[in-house]
Amino acid sequence: MLAAYAAKFDADNPIAALEVGERPEPTVPEGWVTIDVRATALNHHDLWSLKGVGLAEQNLPMILGCDAAGVDPDGQEVVVHAVVSDPAWKGDETLDPKRSLLSERYQGTLAQKVAVPARNVVPKPAGMSFEQAACLPTAWLTAYRMLFTQSGLKPGDTVLVQGAGGGVATALITLARAAGIRVWATSRDESKRARAVEIGAHESFESGARLPERVDAVMETVGQATWSHSLKSLKQGGTLVISGATSGQAPKSAELNRIFFLQLRVQGSTMGTRTELAELVQFMENAGISPHIDSVLPLAEARAGFEKMNAGDVFGKIVFTV
Amino acid sequence: MLAAYAAKFDADNPIAALEVGERPEPTVPEGWVTIDVRATALNHHDLWSLKGVGLAEQNLPMILGCDAAGVDPDGQEVVVHAVVSDPAWKGDETLDPKRSLLSERYQGTLAQKVAVPARNVVPKPAGMSFEQAACLPTAWLTAYRMLFTQSGLKPGDTVLVQGAGGGVATALITLARAAGIRVWATSRDESKRARAVEIGAHESFESGARLPERVDAVMETVGQATWSHSLKSLKQGGTLVISGATSGQAPKSAELNRIFFLQLRVQGSTMGTRTELAELVQFMENAGISPHIDSVLPLAEARAGFEKMNAGDVFGKIVFTV
Amino acid sequence: MLAAYAAKFDADNPIAALEVGERPEPTVPEGWVTIDVRATALNHHDLWSLKGVGLAEQNLPMILGCDAAGVDPDGQEVVVHAVVSDPAWKGDETLDPKRSLLSERYQGTLAQKVAVPARNVVPKPAGMSFEQAACLPTAWLTAYRMLFTQSGLKPGDTVLVQGAGGGVATALITLARAAGIRVWATSRDESKRARAVEIGAHESFESGARLPERVDAVMETVGQATWSHSLKSLKQGGTLVISGATSGQAPKSAELNRIFFLQLRVQGSTMGTRTELAELVQFMENAGISPHIDSVLPLAEARAGFEKMNAGDVFGKIVFTV
Amino acid sequence: MLAAYAAKFDADNPIAALEVGERPEPTVPEGWVTIDVRATALNHHDLWSLKGVGLAEQNLPMILGCDAAGVDPDGQEVVVHAVVSDPAWKGDETLDPKRSLLSERYQGTLAQKVAVPARNVVPKPAGMSFEQAACLPTAWLTAYRMLFTQSGLKPGDTVLVQGAGGGVATALITLARAAGIRVWATSRDESKRARAVEIGAHESFESGARLPERVDAVMETVGQATWSHSLKSLKQGGTLVISGATSGQAPKSAELNRIFFLQLRVQGSTMGTRTELAELVQFMENAGISPHIDSVLPLAEARAGFEKMNAGDVFGKIVFTV
């Protein structure tokens, strides 16, 4: 079957490590099912895999991809949940030390078929296209968990989203807005600030700008470049949720004095549970919102999509149809 | 000044106990302020007061009313918070055993002026009219607290609102919808079911109907008439929030076996805090939603408003302008 | 192998339905393990099973018992967790609608061997005897979850335990005391009140007595006989946790007005998770506390134990050694 | 009256800034009461005040001290709560941006009399001495809030306390042990490790040592010197509560990758509420535990106490009798 996969690693030029071509159909362990993929989407995680981050050499060649929507063996239209936890694990799957994401230990979603544990699918609403549904399992799920499991935000509160533009940040803006939260976004880029307001932010600001007032929570994936601004933007008792640190993980000062004196909370977060994915899907249907799609390409042209993401010139998700 | 007040009690005919006429301006204890009322609204609480429920004889004559919006001594436009807690009380004001509502111990809002503790006001957004703002301090605040403090509901969950039509129920429907929750409502009355869908319910059902699936939470003020249906409608681990029991407080069976075996939670709730009122106001502005107004009358015609509420033929709030 | 089992039902005389004799060794599905039982204990659940409550006729003959400690195939000393949830279920096992307890669908623990899913065991501390460990999986686990997952109690709070004497109530008293909670217990029986104080209650009271002050939470399994007293004993915002209703499930009035006006919480609870069992075991070791054992008999004399429990003359657990 | 106070600041030699001598009795604003101090205790906060940290020059001379127990105007024996919040503030006093501690804006407790808002006292149990009670309002209250409000720890969990020896750390060890939590403590000093076990730690370790297993929560006031070890010691989803950063606030790396990938929580904390103080006092009585007292001196010899604390050679609290 056709698939986009890593055959080797290249830390400097990840695109050079990408292959788009034939791969055997996935094996299906007991209790797993094969999904006919109709649409699949890209994440930065896929670029990291090509660089050899988070993917072990002995697992090569590895089909990439954590996002997919398709059809299960019973003909049901489904969204795939990419977190594979240990069968003996009960409780939040994202806290299972033995968990992995599709494309780390098990073959990923950038293919005509993907095998997943039977429980790792969620019904796709009829009103949502496969392309839209394929955007949800990674960036949007991460954003849902940050906002609604980790932050304590309530309707009427104010959230600051740092670094508008990234896949998680755009999801954060749209989801928070649809939940009655006041959304402020930052970006160094004027066009991204404008775009942030278009997709739901009540206001947007230059990175590091002094805000009109302190906020209840900050959401970010940026790390050291925004750390100090994030902490300074929070009310007493406020919460900073981080699910990445793309600019680096070591701010000049962690500002522990500010954290303890203002009783701030820093909450790490990564991915989400199957239950959260089902809630996300239902939420988007309840609220009539859709993911932002940057571009749609056939899977055979996956290389063009990887190149676009690698160039960084993206607002929303890059989707491949199968 | 002009005011609507209780001069006596009449358990059978509360309207007979109502006076609309001149009352002295309120006294202003230290730390309190006088608000120039611009709009004020009715609640069933006001009818109960006229019947002698919750209002002590020695406090007569008492100006009625818990809802108001107006202008503070600094010229700021404000919404009044009606819960007066003890100065020594810290923590959730609604849990203060010494708290009272305006019109119980202190003169109420159905007047040209009302005195409240200085902290008992919240800024009114410029885009919200005084009539709209006057609807919020009681029924809408009660609904906000039920949904966002007491229930544990998250965007994507499903809530059942029993008895669509009442002031709290209509607020519940609109607020839950605006927060990304799937809203199902029940009513015995077909026109109220239709109206429930108009104001935000995703679907509405006859009272007692079997639902398409079990829900995450039920909100109600009905009591014994809906108790059994509410419990049967809940998922394992679900939550029933009650803030009233208008049909009576003693269901034939409390069904404790169902409660413990399905690990249900029954959560009582009443009114809300000043912080919750501020969040409610901000939420309505964030989401662009407004309270449902049944009718607007000048305060001088308050009797007509009371009669309409007493007749039960109301969908939304009855507002008086001052 | 030797086992105590139900061969039929007898609603009036459960002891008549009990057999103690040879049964085949349990079958072991994939992913399950066989535990060599060293000690096992009785619960009221076993009497109910003999009466035909919670046990289906087509599952007869059924080995009874939910409590056991023993040795796993690797020679590890373990405590058995009796809640068998669906393999696809993630999250709290006690909320899985498809869960069952040992002795309902799968053969129980009152036998020389019992088969359980591999994850359904918890290491037994070296300092805890098999007899002690066998007391924990049902009544003590139920009490642990009521107190530390469901109630919101903190060290320094006060809890009321209704009906001191039962297996869950004695566990509640001991566990709450060891966690720094002030424990008040009630019983109609003077000797049980004295015994409650011996095992950890700070004070004990006659059933229905007015308490020195209102409490933060009430724990009970009694139901309608204590419902009104439980609600009246709670502070504003207090919590009533119920995990049974042995006196009936329909109090004359559910007193919904009290529930909503004082913002009380009624929280159902049943059993506990494997994680909670592991925490319970560690807690008992940390705090140096042990379960209360009424009597120890060889499994061959199980009938005598059942008769004693049926007669109601028990304070603590009846344990069988194997 | 006799008092220990700061008349100036000395960043290098705080003892040189200390005066012990006559000061006027405190003024008593409306709603405040004067407490006859019977015992009062030292905190590092008092040394910082002498250095000019957290105390403004225009407030000099300032009586030092946040800890006290004494007798109120009605003859009741009380413990003083040192957090003075704004009268208009409802909710957690420690989150009030306008709050102050006694000895910052209002005269402190190291005196024969101290004035506090009427609500800022908690009844002292008869079985607790004034010397013991005087230890609680700062370090022990801080520890109580860290453990029981901020950490999510439950009986049976394991906590790591960094830097055994300090006032907060010794309180953490004793309180956690008395709540059924397994307590591991670290110190660079062998005698402090031994002492930690004496006062309740289940085990103690050298600073930075690899622990037998990962813990549910870490409590610390050390800051950059222990940051990395604290994070590495936590389970997935674990919590680090910090209420100080005595070694500095800027670890070489904040290790944000670890925080987000393991979904750790860093929770700042400072002081505690009046309600928490009341719970702490009741907890200590329920559990039969007492604060650790290093030494007791008459207030007239306060200088000796300050010198001892400044020398760092302390295990437990330094108490002054009045």
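Each chain carries a letter (A, B, C and D) given by its place in the written order, and its residues are counted from 1.
What we mean here is this: a residue touches a chain if its C-beta (ideal position, glycine included) is under 8 Å from a C-beta of that chain, and two chains touch if they have at least 3 such contacts.
Here is each chain with its UniProt name: A, B, C, D = NADPH:quinone reductase-like Zn-dependent oxidoreductase.
In this text the structure is predicted, and so the values were computed from the model without any measurement.
By number of C-beta pairs in contact, B-C leads over the other of B-C and A-C. Remark: chain B and chain C have CA centroids separated by 42 Å (rounded to whole angstrom).
Chain centres here are Cα averages; for chain A and chain C they lie 43 Å apart.
Residue positions of chain C touching 2 or more other chains: 92. Taken as a graph of touching chains, this assembly is fully connected, with contact between every pair of chains.
Residue ranges of chain A in contact with chain D, taken from their complex: 92, 94-97, 223-224, 227, 236-237, 242-245, 249-270.
Interface residues of chain B facing chain A in the complex, by the touch rule stated above, are 144, 148-149, 154-158, 175, 177-182, 202, 278-283, 286-287.
In the complex of the two chains, the chain A residues touching chain C come out as 31, 85, 87-93, 117-119, 273-275.
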